[in-house]
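Here it is, the structure in full.
Letters A, B and C mark the chains as written, and numbering starts fresh at 1 in each.
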């Protein structure tokens, strides 16, 4: 077993080593540090995941103090899945950066990237509310830096928007934490969960829940709070958009479900939120129809998908959670793939305008195939894993007797198909006689992700049974989480 | 109109907050966690908590992990600002600093450094600690910039301190993991409360934090004052 | 020898992979491999000693059942029998590796679809089929736009199927097909029928078909139109049978026909008529055949909609007939296009001497299309008309009859514009289509004629299907079909037809012994010397007089209607996007604050109450 603390300590050492290295003029090494660190995180997160599968939730205290008094890490299956996704995303992004260098100052870029990994890992593993806030801050600040990194006007604008909206989110989150603390007298998540389950009608708890809806809604990109997303995904460097869309949004969702499912055991204004989220998804998918910029298009598409993932977690059923986790995995892999490939296209064409991409699928068949598989997966067509995600979600929806949400999901899939197949149409329609050199780095990274996606498509039921069902069960049974801290 | 609207919004939010806060019992004894802290840190039941004030114990020991996070936040914020300042041309000053500033800085600078160092070295004994100490050191660097227009700060020195101190913090934590079985464990024990060498890893961590914050903020000052 | 459907599907996929690999190295040997493997697969499906066993497996709470019913055996034979013939026609076009790969995958998914006995695997393979056929449609660069419409319509169908399946699941808590489906409503029926109507290109949802058939690769079009579209009628029978005709009757009857079936029959009749009109006004040979295909599938819908055993027998019979002749016509036309490199009817003409075999097969094809003995087209039309008369649906009969008349016209146009009239100067050096095109079309025309003489042979299979569905069988022998309205003897009527033609021919030889071949210049130009004989060919706007008559019909376009509906939706979404994601950070912050405010107000109301 890997001590989960190492998942935090190693990226931190990595991040602190980078200034040392750049002081001795070995700045170039920084990209390898990100690569090694994220590989370490990935491997140890996978090991940890298998360990947790056998032992159940793992609680590790920090500084030797018993949980309610000190800080502890609580490693759950879902948390491990998120860390695996996140470190995979950062690994892939850093692998891509080994070949396509980010602009100067590169060492700062890599620091931010490592700390993004660190923050996300911390959020997913921590068992302490305030600690979660600290890691949320780390994640957000790293994300602000990275989204504003391309300093070409749009970058700064997007970063600034993200900063404004994100700091409102942090503020509300902090307020929520404070209010909870005044009532429960503890910051430990398990202790808070134990408390708020028996004090549901306490207005302070309710008010703090509202604060959390707003604060985490912003981080998790949930509908009425996700305004910053298209700008940021569009303006960020390609490898970073891949991490944002693939992993960071999932970290936000993790925080959201950890707090609302584990701590509050439900969410206030439940019915209203379900429809709000779904309508938001529909609007986002509709907005994607008009995008002329491919990154913006996929940003809106992400918003739509995230709406469905959140909806799955709002279902209050273990199979809904399982479907949500499956969707989350699927969406993370696909979005990483797509943004990495967009990076490859950008290197070749130096544009992200869709109209200028005519015929590149025929010019570069491998890119075309990878992109097409990604799109088919996203569109939820069999035999790819997106189909199974949709299937599990619809099944859970119908078992919960939600007919209208199911129709909304179907309509949204239809809209998705419209803009996704329009992309295939553009990629394969005649145009662009000039031969371009598509970056092999982006194709190689694409291959790794495609293998994962195909793996998920081949054994979806196995993955559901072995992984997502178990994770969903441990999420659904709050007592398992609470029991760890006594 | 705009103002009235804003007023209504703020008023409603405030009303909600007020309504909520009115349900919070004020001054009604200590919560479970607070009671534990008071009993262990002040009454010295805990063999590991050795600072003279409870806040230091909480900040560095009980919630040392958060402090590590805060250090990281500061580090990240400084990094972000230096990214922002990267490649920007800085403003040229037209007038020279006065003689008083120049001389005064020369005299006062060592004392500022000393004060900063004193504050973080005595973090476990007196109020203050790593963060304020570091900030005071950075103030000294800022003062030098103000008096000498063509001063070039030892940038790589800042970076070395920043990086090595950060690493040291994590390494101290890892030693705790190896020795005591948990990260940031106070493996040195509490010692005799009130002495300079006491409270286990608290002074070590405060020195680390102080130097790191000082170097970071000095680097930040440098980024704002010089072309990068 | 016994094997399961799973093995069969895996073998087909394996064959596809092998073919693709071989084709990657050498195109010709790849084609031959494809041909041999496809013949092998057809043999496996046809040979009676091979028993294809059902298979079912369970993962978690999902059960997948694959079994060949009598109905699906019929379609299995249809698909696997047509497959090697179509593959044979591809040999001379030398396609790339992925062409064959997708072709085999389509076959595999089709077999998966027809053998699925639970809703989920049905959907899975049906969508796979849509996807792979789309990937093969866009094999040609020119078809990319048509392919977009094809896949979007396919996805609309797929999602409607998915919703319908889940609606059934909601009622019965199971994906297996059970009587519970009977509780389904009109909505379920609609949702479960729409995908198949789309696949069959029935009239309001046919918009994908003309362009897709026109632009896709020529030989593949034969498979797409001749074979794949039959999955539509399979799906309709598959789902409607589970309701049962009597179950459907509960919703009322019109003219002794269940009302839902009556609607379908009308959709079919209108499709048949309008499709035929569009076909005879087409200027493009593939488009003509495309509209012809739409129109002929309309007949199948009419037969299906009548919901009597005679009607379903007609529908299934016509399914077989249409599969054979439409595949053949497209293969013949593909051969002609292969030589001429054009699909415009105005650029063809007078090819009879250059391409005699193609002419002969096309002639048999259009005779079958027109429903005239001595081909099997007669029997299928006969059954459909008998079914119509049996229920006394005269208005419907009139429309179908008008469609048949139009079918005569476009069939004649097809053969006239390609083969008759003076030879175009540009086509002087045209050779007969290559053998790979001719062999399958000859085989298919042989079947058309043979079943014309022995119409009872296919009917025997169809009777089996009808009985397995719990319906009356049609009395028939080897050569005769007899219905409640009388019957006919295929051998006799075909022989009479052939003898009449023979007698006329002999009479012609006797009466005009001095008849000789006249040069076209003689008749048309009255002695004047013409240098450009191309002007004599009358082929563009062949039915201009009808164009005037149907002017209004042509102007009415469903596509425009869909475009307008889409436009409205796009406008709505655009407004929503501009209102919400406007890019102004001030507005964003305000929005967040206002949402928070709403929550806080509702919190206050809840708290103060």
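Note that contacts are C-beta pairs under 8 Å (C-beta built on N, C-alpha and C of every residue); 3 or more make two chains touch, one makes a residue touch a chain.
In this text, all values refer to a predicted model and were calculated from it rather than measured experimentally.
With centres taken as mean CA coordinates, the chain nearest to the overall protein centre is A.
Of all chain pairs, the one linked by the largest number of contacting C-beta pairs is A-B.
Averaged C-alpha coordinates give centres for chain B and chain C that are 75 Å from one another. Taking each chain's centre as the mean of its C-alpha atoms, chain A lies 31 Å from chain B. Centroids built from CA atoms put chain C at 45 Å from chain A. With touch defined as above, residues shared between interfaces to two or more other chains in chain A number as follows: 203, 207.
In chain B, the positions touching at least two other chains are 16, 19. In chain C, the residues touching two or more other chains are 596, 600, 603, 607.
By the touch criterion stated above, chain A contacts chain C in their complex at residues 160-161, 164-165, 168, 172, 203, 206-207, 210, 213-214, 218, 224-225, 227-228, 230-231, 268-269, 283, 286-287, 289-290, 300, 362, 376, 379, 381-383, 387, 391, 394-395, 398, 401, 403, 406-407, 410, 413-415, 417-418, 421-422, 424-425, 428-430, 461-462, 464-465. Those residues of chain C whose C-beta lies close enough to touch chain B in the complex are 593-594, 596-597, 600-601, 603-604, 607-608. Of all residues in chain C, those touching chain A in their complex are 59-60, 62, 120, 123-124, 127-128, 131, 138, 141, 144-145, 147-148, 151-152, 155-156, 158-159, 162-163, 166, 169-170, 569-570, 572-574, 576-577, 580-581, 583, 585, 588-589, 591-592, 595-596, 599-600, 602-603, 606-607. Contact residues of chain B toward chain A in the complex are 16-17, 19-20, 23-24, 31-34, 36-37, 48, 61-66, 68-70, 72-73, 75-77, 79-80, 82-84, 86-87, 155-157, 159-160, 162-167, 169-171, 173-174, 176-177, 180-186, 228. Taken in their complex, chain A has these residues touching chain B: 3, 5, 8-9, 12-13, 15-24, 60-65, 68-71, 104-105, 108-109, 111-112, 115, 118, 122, 130-131, 134-135, 137-138, 141-142, 144-145, 148-149, 151, 179, 182-187, 202-204, 207-208.
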